[in-house]
Amino acid sequence: MAVAGASGYAGGELLRLLLAHPEVEIGAVTAGGNAGAPLAAHQPHLVPLADRVLADTAAEQLAGHDVVFLALPHGHSAALAAELGPDVLVIDCGADFRLTDPDSWQRYYGGEHAGSWPYGLPELPLVGGTRQRDELRGARRIAVPGCYPTAASLALAPALAAGLVEPDVVVVAVSGTTGAGRSPKPHLLGSEVMGSASAYGVGGTHRHTPEIAQNLAVSAGTAVRVSFTPVLAPMPRGILATCSAPLAAEVDTTAVRKVYADAYDAEPFLHLLPEGGWPTTGATLGSNALHLQVTVDADAGRLVAVAAEDNLAKGTAGAAVQCMNIALDLPETTGLSTVGVAP
Amino acid sequence: MAVAGASGYAGGELLRLLLAHPEVEIGAVTAGGNAGAPLAAHQPHLVPLADRVLADTAAEQLAGHDVVFLALPHGHSAALAAELGPDVLVIDCGADFRLTDPDSWQRYYGGEHAGSWPYGLPELPLVGGTRQRDELRGARRIAVPGCYPTAASLALAPALAAGLVEPDVVVVAVSGTTGAGRSPKPHLLGSEVMGSASAYGVGGTHRHTPEIAQNLAVSAGTAVRVSFTPVLAPMPRGILATCSAPLAAEVDTTAVRKVYADAYDAEPFLHLLPEGGWPTTGATLGSNALHLQVTVDADAGRLVAVAAEDNLAKGTAGAAVQCMNIALDLPETTGLSTVGVAP
Amino acid sequence: MAVAGASGYAGGELLRLLLAHPEVEIGAVTAGGNAGAPLAAHQPHLVPLADRVLADTAAEQLAGHDVVFLALPHGHSAALAAELGPDVLVIDCGADFRLTDPDSWQRYYGGEHAGSWPYGLPELPLVGGTRQRDELRGARRIAVPGCYPTAASLALAPALAAGLVEPDVVVVAVSGTTGAGRSPKPHLLGSEVMGSASAYGVGGTHRHTPEIAQNLAVSAGTAVRVSFTPVLAPMPRGILATCSAPLAAEVDTTAVRKVYADAYDAEPFLHLLPEGGWPTTGATLGSNALHLQVTVDADAGRLVAVAAEDNLAKGTAGAAVQCMNIALDLPETTGLSTVGVAP
Amino acid sequence: MAVAGASGYAGGELLRLLLAHPEVEIGAVTAGGNAGAPLAAHQPHLVPLADRVLADTAAEQLAGHDVVFLALPHGHSAALAAELGPDVLVIDCGADFRLTDPDSWQRYYGGEHAGSWPYGLPELPLVGGTRQRDELRGARRIAVPGCYPTAASLALAPALAAGLVEPDVVVVAVSGTTGAGRSPKPHLLGSEVMGSASAYGVGGTHRHTPEIAQNLAVSAGTAVRVSFTPVLAPMPRGILATCSAPLAAEVDTTAVRKVYADAYDAEPFLHLLPEGGWPTTGATLGSNALHLQVTVDADAGRLVAVAAEDNLAKGTAGAAVQCMNIALDLPETTGLSTVGVAP
């Protein structure tokens, strides 16, 4: 098992989770600009790997592993994956292979569309009652979802699949700063983010917008309009997605909760809270659980669902490990926990 | 000038602002359970008042002042105000006199409706082109708005007043913890809130929901449906309200920005950011400014407006001082600043 | 295995760690005032225990377990332990049995001294070259150290044991807020602690002062003067202890580092950082590792050691599990990790 | 009045304070790499300056102002000041002119020593009973102290001046992240600093060490050994300095407090807290006040003093404005406040 991009946040989280995975041996850990440095300089929390040195992210370093995780900037995965052979399980935490529509890729990311891989959101309900999980069994290329799309899609999919709401959704999602990665930009300095919240990518310009729409269309069986606003909050990890849509049916909270319970009660990582409880991101930190609650606002005529997750875990690296388990026919929960590190 | 409720956050902020006000002399500072304690035990940042002792919140302590600010728990203002005489300017930072509809009061707060006072949101555009400010001139009773309604109402009012959007809005507002007051509750402990975001009052159950609807109806000239979700974020101060509504007209961002500029450019405390800039709560901290931006999301068919404010300043105590200035015919900006303490 | 005090922070962390322990089955989970409530209302992060209800903290609830962890307010452990039988392994996370000197107990805690139990700091070097660990093998009563004493004692003990420094130490330790527990006090509100640091218990009045002195005396073989100042920092978890003492020998940093390496390199949870690296609490969060660095300041004539730990993990609950492993003759690292959850 | 370095944190704070100063008109605002950008892109909180554009930091831009504040990286002040003429009041917030000893400069900063200017710590007690203030009256060149030296020096000077303690001090000071400036470095990212504390510059290697020693020597009348450890805490602003020294006299807390009260009660910005109260940085934010408390730890044989300040205000920009007032013979408190923005 190798991790490319091991000096970043997603790479570090992959290694953290893989260190606890009983079926995995950690091989190459590679980086781009940080190649040659001790891993400990960038990931001091990974004590058992304190003597590792970051190799260069190149096919020759990654070759010879059964599983290769890519945690690279956008646009770097395709070329590397092409060199890794079809039998290697390549799991891409980047965006390169998430979108199926070349026009969406072109519009939101620019450059040539690399194609699409099986999409790593196992729990997503599909039209017809199956799950996205089925596409991942035995797969050797998997595109891990974006952190926001995981929360927003799982929060809204059951309602759309059941026809409870109009395909016209509003998502406002608060995120911790690790979602923006580790490259040092002035607006991500601690001095700037502590004590302050800010919106960005407003008006549908965030790259996760088409990915949310793509997922919801798959669940709804029809195109879904998505108004998405991400908000940066002063915390390192965590996404809290507040999602709503106009009611399309006469339902109350009890009925809606039953739909969600039917959809998710068998899912080991999706945790519908008891009625009256609302998710906090803190309870999910470090875990692969997504916490969820849903209600009906009769006055506003809307269903409101709120999902919390750890953006680096269930939102990225945990999902990647979960997908690996499925692809390799291991028990899906192997090496993953629903227990958060709180408070 | 007297402040009742001086040991709480709103009371402390009132005193902070009044210490900088050139036309004000600070008389009685009172509290409920904290009466008898040194003010410094609760407000150590108010160095010039370090030798003050908290008196009891009772009419005899407040009598004899031209202006009395009330920063009390809900339900305590009516009886106190009744004892203060009609010539005293009483400015209530609580909710008791905000709602005009007794049924709304009954539903959201319970108990008897105390009535309504002139509503202290000076900049709110009214049908016909006037402002809420006019009602405040010479008033001797003023109800200061809730912190969320200030942000949400000012963010959406110009669009509704101009008929740009349908009267069916979604507001998701992130708030710092001081909005929940100073009474020690387990979920407000630093250990709980740091590193975590959580939604609460979801589904229209938060008490500020009818207040937002009331304000927007006044601007729109018609009833407005409001879906409101507050989110608690790990910061002491600040509200960032992400507000959207379906477009009712063919407009682009430029046109919408012009409507907002026309509405607010003459307002000293409302700061429409340059195109492309989005508000951060950090830039407003300690100031009486509300920062605002608006855009059109053509794909989603929605107008999105984001407002940032300091919930204790423009959201409460700053608004109270601004209203005092208007009521007393002082220049509206006296003693107030648009300069935030950042970072 | 039972946990008494399961609604608090130490109790929650015990359960988090025990859920990952392969040799443990979680039996009774009890509380005082919160008895009868769902565990999930207080520990929403412990998803696998979401259906548990808090029993009452009473001997009959705790009876029948091989191991009982006590995470109670001071003064409650003695009576409870007396009812549990000598063959039950009772591990007390409270202070009741830490101090050996009744006068120290009386002075710092008041009330009658309950006695002392084997002290659960396995790595502490004792005069003669043994470790505190030896006293824990087969023990059936163990007193888990305070969070500050763990960091301060391990940071300074090798230098004192080797005679490198005078027995006259200064410790200034920054702590997250969970160290103060979960009872809601105004000064622990998020609004108060975020964005602010404060000293407390200054001048040797903090209860951990005599415990640090007791530990260091055991390592030094002589009485040690301790100046200890705790500082509350705006973070939920983590202790960073900056410890120094006057040099008693002509040594340089290399020599001092060798003494520490000799003392700790075989210890699985003590991580002496590479030269030039300094600990961050973030790298230890959720783990049982203590990160350490030491240097010589020749100008000031002092040795300076800095230790970082997670106050709830290695500082409390992790130490408790580590002690359980030793007492039960399990491999000491069973169920414990050195991998932090960062960032 | 001009500010060079107006896109950084110190520059922004200078402008914030100067906007509130009744005797000042803000002229040129300049920057290095950010020249040409709107000031609002870097200082969105300075609403009244929202239409300003950053000029280039060059003598021709700064010429023609009576007062020029320099908030530049180390090493840039000397050349610029040389071009500004002897009648211009130049106040340097950088380190270039703080140290009087060329060897110390060489050792801690490297490069050629530019010399020293009158040192801008007005309240510092000098041997003989005078204050550092006297040197600043009418001065036209002033070196503003470093943020740590302000807190540590004022915390210890009265005890040293009165001979209460040995000239052998230990300072451990917790700081917010703005002290590290605005240049984006990975370890200053919000993701890294939130939830974590870390020591740096341990062992006397921090550049403020010789500056503290220089100040204390001036108060003590003898050389003072300084062990200084800075700690980075997860907050934007604030320094909390815990300072101690061995007692040299038989004194108790009451006697020590009297010495401090005598030293500081007449100082408008130094606030000795009532006995039993300890400083929090939160209470000082945005203000020019330094809060202070002192006690005797008889067991440890040490005096312990704790000081809190806002590192950007009293620690940098507020001190600069205070010095300007003195130099220009304005009332020293003009435009400055002791009221913090809390919580």
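Each chain gets a letter, A, B, C and D, in the order it is written, and its residues are counted from 1.
Operating definition for what follows: a residue touches a chain if its C-beta (ideal position, glycine included) is under 8 Å from a C-beta of that chain, and two chains touch if they have at least 3 such contacts.
The UniProt protein names, listed by chain, are A, B, C, D = N-acetyl-gamma-glutamyl-phosphate reductase.
What you are looking at is a predicted structure, and each value in this text was computed from that prediction instead of being measured.
Asks: Which chain has its C-alpha centroid farthest away from the centroid of chain A?
Replies: D
Asks: Chain A-chain B contact: same residues or different, taking over half shared as same?
Replies: On the two sides of the chain B and chain A interface, the residue numbers are mostly the same, over half being shared.
Asks: Measure off the straight-line distance from the CA centroid of chain A to the CA centroid of chain C, and report it in whole Å.
Replies: Each chain's C-alpha centroid was found; their separation is 35 Å.
Asks: With chain centres taken as the means of their Cα atoms, state the distance from chain A to chain D in Å.
Replies: Whole-Å distance between the two chain centres: 45.
Asks: On chain A, where are the residues touching two or more other chains?
Replies: 9, 178, 191-192, 194-195, 234-237, 280, 282-283, 285, 342-343
Asks: Would you tell me which residues of chain D are touching chain C in their complex?
Replies: Checking each residue of chain D against chain C gives 168, 170, 172, 174, 191-192, 194-200, 202-204, 209, 225-229, 231, 233-238, 240, 242, 244, 253, 278-283, 285, 293, 295-302, 304, 306, 308, 342-343.
Asks: In the complex of these two chains, what residues of chain C are touching chain B?
Replies: Residues of chain C touching chain B: 9, 176-178, 180, 182, 184-186, 188-195, 234-236.
Asks: Quick check: in the complex, which residue numbers of chain D touch chain B?
Replies: Spelled out, the residues of chain D in touch with chain B are 9, 12, 16, 19-20, 38, 40-41, 43-48, 50, 178, 194-195, 236-237, 271, 273-274, 277, 280, 282-287, 289, 291, 337-343.
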